[in-house]
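Next, two complexes with subunit A in common: one pairs it with subunit B, the other with subunit C.
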Partner chain A sequence: MEKWANNKAWFLVLPVVIIVAFSAIIPLMTVINYSVQDIWGPGQSVFVGTEWFEEMLGDKRLHDALWRQFLFSGLVLLIEMPLGVLIALAMPKRGWGVSACLVTIAIPLLIPWNVIGTIWIIFTRPDIGLFGAGINNLLGIAFDHTARPLDAWITLMLMEIWHWTPLVILLAYAGLRAIPEAFYQAAKIDGASAWAKFQYIQLPKMRGVLTIALLLRFMDSFLIYAEPFVLTGGGPGNSTTFLSIYLVKIALGQFDLGPGAAFSLIYFVIVLLFSFMFYQALQRVGKGEKG
Partner chain B sequence: MARIELSEIAHSYLPNPKEESDYALKQIHNTWEDGGAYALLGPSGCGKTTLLNVISGLLTPSNGRVLYDGKDVSRLPPEKRNIAQVFQFPVLYDTMTVFGNLAFPLQNRGLPSSKITQRVHEVAEILDLTPFLKKRAAGLAADAKQKVSLGRGLVRSDVAAILFDEPLTVIDPQLKWDLRRKIKEIHEQLKLTFIYVTHDQVEALTFADKVVIMYEGEIIQIGTPQELFENPEHTFVGYFIGSPGMNFLECTLDGNVARVDGAGITLDEKTAALGLKASGKLEVGIRPMYLKLRFEPVEGGVPAQVQAVEDQGSYKIVALTLAGKTLRARLPEGKPVPDGKVWLVFPPQWIRLFADGRLIK
Partner chain C sequence: MKPKKKTIGLLIYLGLLMIPLYWMLNMSLRSNADILASFALYPKDITFVNYLKIFTDSSWYMGYVNSIIYVTMNTIISLTVALPAAYAFSRYQFVGDKQLFFWLLTNRMAPAAIFALPFFQLYSAIGLMDTHIAVALAHCLFNVPLSVWILEGFMSGVPREIDETAFIDGYSFPRFFITIFIPLIRAGVGVTAFFCFMFSWVELLFSRTLTVTEAKPIAAIMTRTISATGLDYGLLAAAGMLTIVPGILVIWFVRNHMAKGFALGRV
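Let's turn to the complex of A and B:
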């Protein structure tokens, strides 16, 4: 290739390079740097190669947190995706009801995450919470998210679904509204049932927005931190200790920067890998190849 | 197959229509004969699609009844009317194969699968879609997609009529021509009632045996392309059909001479006699191709000023000024090109007289 006589134009890219360097590359490099060293104090460190990675990969508590994390994200996706689509289908299509529904549904998305934890702590408290007290005293079912792992999980799932299904609903609704009227008219003329209409028109046309919803919900739920931290702090026991909570315990609680950095990188690779797989799978469905 | 009657149809999209202008369809009363090839022609927004949706049942009209072979179907939903519709842009079930798309209407009606396979293959053969049957519908070109949409109507052996809503809008010019011919061929082969909505007069005139002209929610003329061309019943038809449209000049009658700002145009006696009985604003109309140009004064010639000459390839269009109005005349190839002052001859047999926009006859 021919060389340019004047390379000054490269300077125009410089601001972006600096921003990306400070926001992504340098922090990531720091993490990589930590992950291969044992650091005792300023200026006192030794290169340890893959030792931290081996240690973390063999860590039983990390394995437990990882399975817990997969179970959590899996349940979240299994519940939120169909529920979001179902609610979007049931929403009104015109009139004042549209704005009323959209605003009501969007409210949970506007609340700061740690405030959500606080709201639900109070809501589910067995002594004074509307939900907690109601279920304990009125229905007579013992429920305490601070003492029983299952109750903690139920509370966490309810909170997550309440908080994030609206995002799926909004995306699915936008996808539904974008389907031209002629498709429904053709389906009517062809005598299609409501289920056939959903299967052959609505669902395929929503594929794009649902891919985005799936990726966002997977990444967010896989990285969940604030809600379980505020609600239970990872307990009772370790029952709600997800990857990020465990990571913070190692890196900030015990100040084990080396293992923490190795853990971060493993975590990062897992999220990237799964997001890529989901994306590829959905793209293939779109092209009609059997995935 | 069916004969479709529209009885006093009117439709408004407003809940409580009061004035005439509230209606998208004002008063439609006509019959579409079984096996006819009709074009529904009119400018955008004149109510063509509304009328089509009333016929197919996608829309229930505010007033009036729709009859198929004498049976009232006004309250029946589209799937009960055995009607098929091809939309402006291809409407397909993307995730299905072409076969799946064609089979879909039959499957919904619970036909046995051997019968479905047979029908689908027959229709695919007619539409030249056989090689694509196993392909995904989403991957087809726009014209093949429109053929699949049409096929979904044709597979139903009981289909009463097929409605086309500007089906060639998204097709490339060359393929447009092919597809239009294909639709015409299918009509000749199957003798179904075809109603074809368009705002393109070339499409309408080449496709249809009968052209229905709509204007502001009303049908203003139904006729063969020739009738529309020679005897437009409304100034709108004269202006809308033909390229360029008919010339109109406001006039007063003086015996059998139409006076246009001092100049006199001689009419034949029958036209003049009818004109004298009519009331309202009078206009003479003449097609550009019948207007004759002379370079020197002639008996009955009206002087006019040449404004511009436009070359259209095999002929030229001359724009002229007469009494402050612009007229257009069609000049055959090889004739000398006029410049400056000319004399226009209006052959009486091609002059039409209109009162308040309606043809006097």
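Let's turn to the complex of A and C:
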């Protein structure tokens, strides 16, 4: 299906360009401007070239934050994707159960991100939390996410899985629903096992939505800020200081504009690379579904 | 035997999903002294003091009002600009269309933390600091691109013969767009509005950075309570419970199309 070639369509996209440019390009210019200057106060600055970039690229805490970030995002994907698909397969296909399941599952997605953190503070505190107190008293294992890095990670992972697996479920379920009934009938006639059905019918048909789920989950977990900020504040020590938390600490906490800006640009380039991969994948998905 | 096992698994998952929420509800119905004094699986003396405080103290309930004001503004702005743009992307080929689409995408994927500081300065410079419109505009950064994608996905599902027929019948573009085309994709418009609402409602970093007192959203009020000494868990839990209500109210209307929105209209 060829699109109509018409450059007047630019008039239709102009409002979007203006409004997004206002929020995107001016701030980006500011960041670039800061990243090459040393600023002491209003009107007092000196051009320093790539000094901040060199400083940030050699910053050990940034490296640590970056590896922590990759580890976090990797674990998130490894757990959430299979779990999401499994739950989607278990969901009812028709009847009142469908709406009930969909609405219940979507609830965590609609909660403000800081409230997610609050819920999990209340839930996992060793003195008042059901989870924290339960582990400490019933199992006799000392568990405190404010004191021990491993416990903080476990709490964060549980929170992240609780919060975002619903997105994977919803997408996988939508993909499953799009499979025509005839496919299943054919599989029944062939006497296919549940595994074969999954491997040859359901999984290939879900490829498009699962690609989107995978990339969305990767991107959003890579940018995570509010939930760990509220739950652990990046601690204990620096054990849960992810990229965004570290960046906000530098830029808004210490007001180190130069290094903060250089960090921002490095972060942005990493994200841009992934965005490009996302875009390519999305284009393929669009073609595959329509063509 | 098999389907039963599946259902049990599903029920376990749904149960686990609800437990943290139940715990917050439990906390919100107890006074802070009671929470700190004893551990209880359910509230023994149910009290509504926490909710009462939120509904009577203007520094609390104005937080909800502020959030609703900028979320509504953002939803209206995003939909108004995104509808024609999505139509252009779904129907026309024009110079730079692919590049433009990619550029929009990068903004949805940009780390909000990058923009926090420049936004603070930009909005201070133009005198919009601590206003609802500042937060609404800042949220356009990710909501407008998202709206364009979702709407484009829905619009591409409408056959172009409809447009052609309407133009042959002598409809002008605005009249066709408003009276024929938008009603055809009203499910898509609803889902998009829902997503704008949702992402603006849940966002914390911008809304916290861009507001001081006048437009301070409930999310920011809550985080400031956390950092204060002498944390009131009961109050915090009650405030948290109330932030979930609007989401649950709107989700019912889009439950059947929700997934299509998450897949950017591409299921």
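FYI, the second predicted complex is superposed on the first by the 257 of 291 C-alpha atoms of A that agree within 3 Å, B and C clash if a C-alpha of one lies under 4 Å from a C-alpha of the other, contacts with A are read in each partner's own complex, and residues count from 1 in each chain.
Throughout what follows, a residue touches a chain if its C-beta (ideal position, glycine included) is under 8 Å from a C-beta of that chain, and two chains touch if they have at least 3 such contacts.
Predicted model only: the values in this text are computed from it and were never measured.
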Touching partner for A:P204 - first (subunit B), second (subunit C), both, neither: first
Which superposed partner A:L138 touches (first subunit B, second subunit C, both, neither): neither
Touched partner set for A:L110, first subunit B, second subunit C, both or neither: second
Touched partner set for A:S193, first subunit B, second subunit C, both or neither: first
Touching partner for A:P27 - first (subunit B), second (subunit C), both, neither: second
Touching partner for A:Q185 - first (subunit B), second (subunit C), both, neither: first
Which superposed partner A:V46 touches (first subunit B, second subunit C, both, neither): neither
When both partners are placed on the shared chain, which of subunit B and subunit C touches more of subunit A: C
Footprint overlap on subunit A, where subunit B in one structure and subunit C in the other make contact: none
Touch list for subunit A against partner subunit C, complex: 1-10, 12-13, 15-17, 19-20, 22-24, 26-28, 30-31, 86-87, 89-91, 99, 101-115, 118-123, 127-131, 133, 162, 166-167, 170-171, 173-175, 177-178, 194, 208-209, 212, 216, 219, 222-223, 225-226, 229-230, 243-244, 247-248, 251-252, 257, 260-261, 264, 267-268, 271-272, 274-276, 278-279, 282, 285-286, 289-290
Residue ranges of subunit C touching subunit A (in the complex, touch as defined): 2, 6-7, 9-10, 13-14, 16-21, 23-24, 27, 35-36, 39, 41, 77, 80-82, 84-85, 87-89, 91-95, 97, 100-102, 104-107, 109-122, 137-138, 140-141, 144-145, 148, 156, 160, 198, 201-205, 209, 218-219, 222-223, 226, 233, 236-237, 239-240, 243-244, 246-248, 251-252, 255-256, 258-260, 262-264, 266-267
Subunit A-touching residues of subunit B, taken from the complex the two chains share: 53, 56, 58, 77-79, 83-85, 87-89, 91, 93-96, 104-105, 108-109, 136, 138-139, 149, 152-153
Residue numbers on subunit A that touch subunit B, as the complex places them: 180, 182-183, 185-186, 188-193, 196, 200-201, 204-205, 288
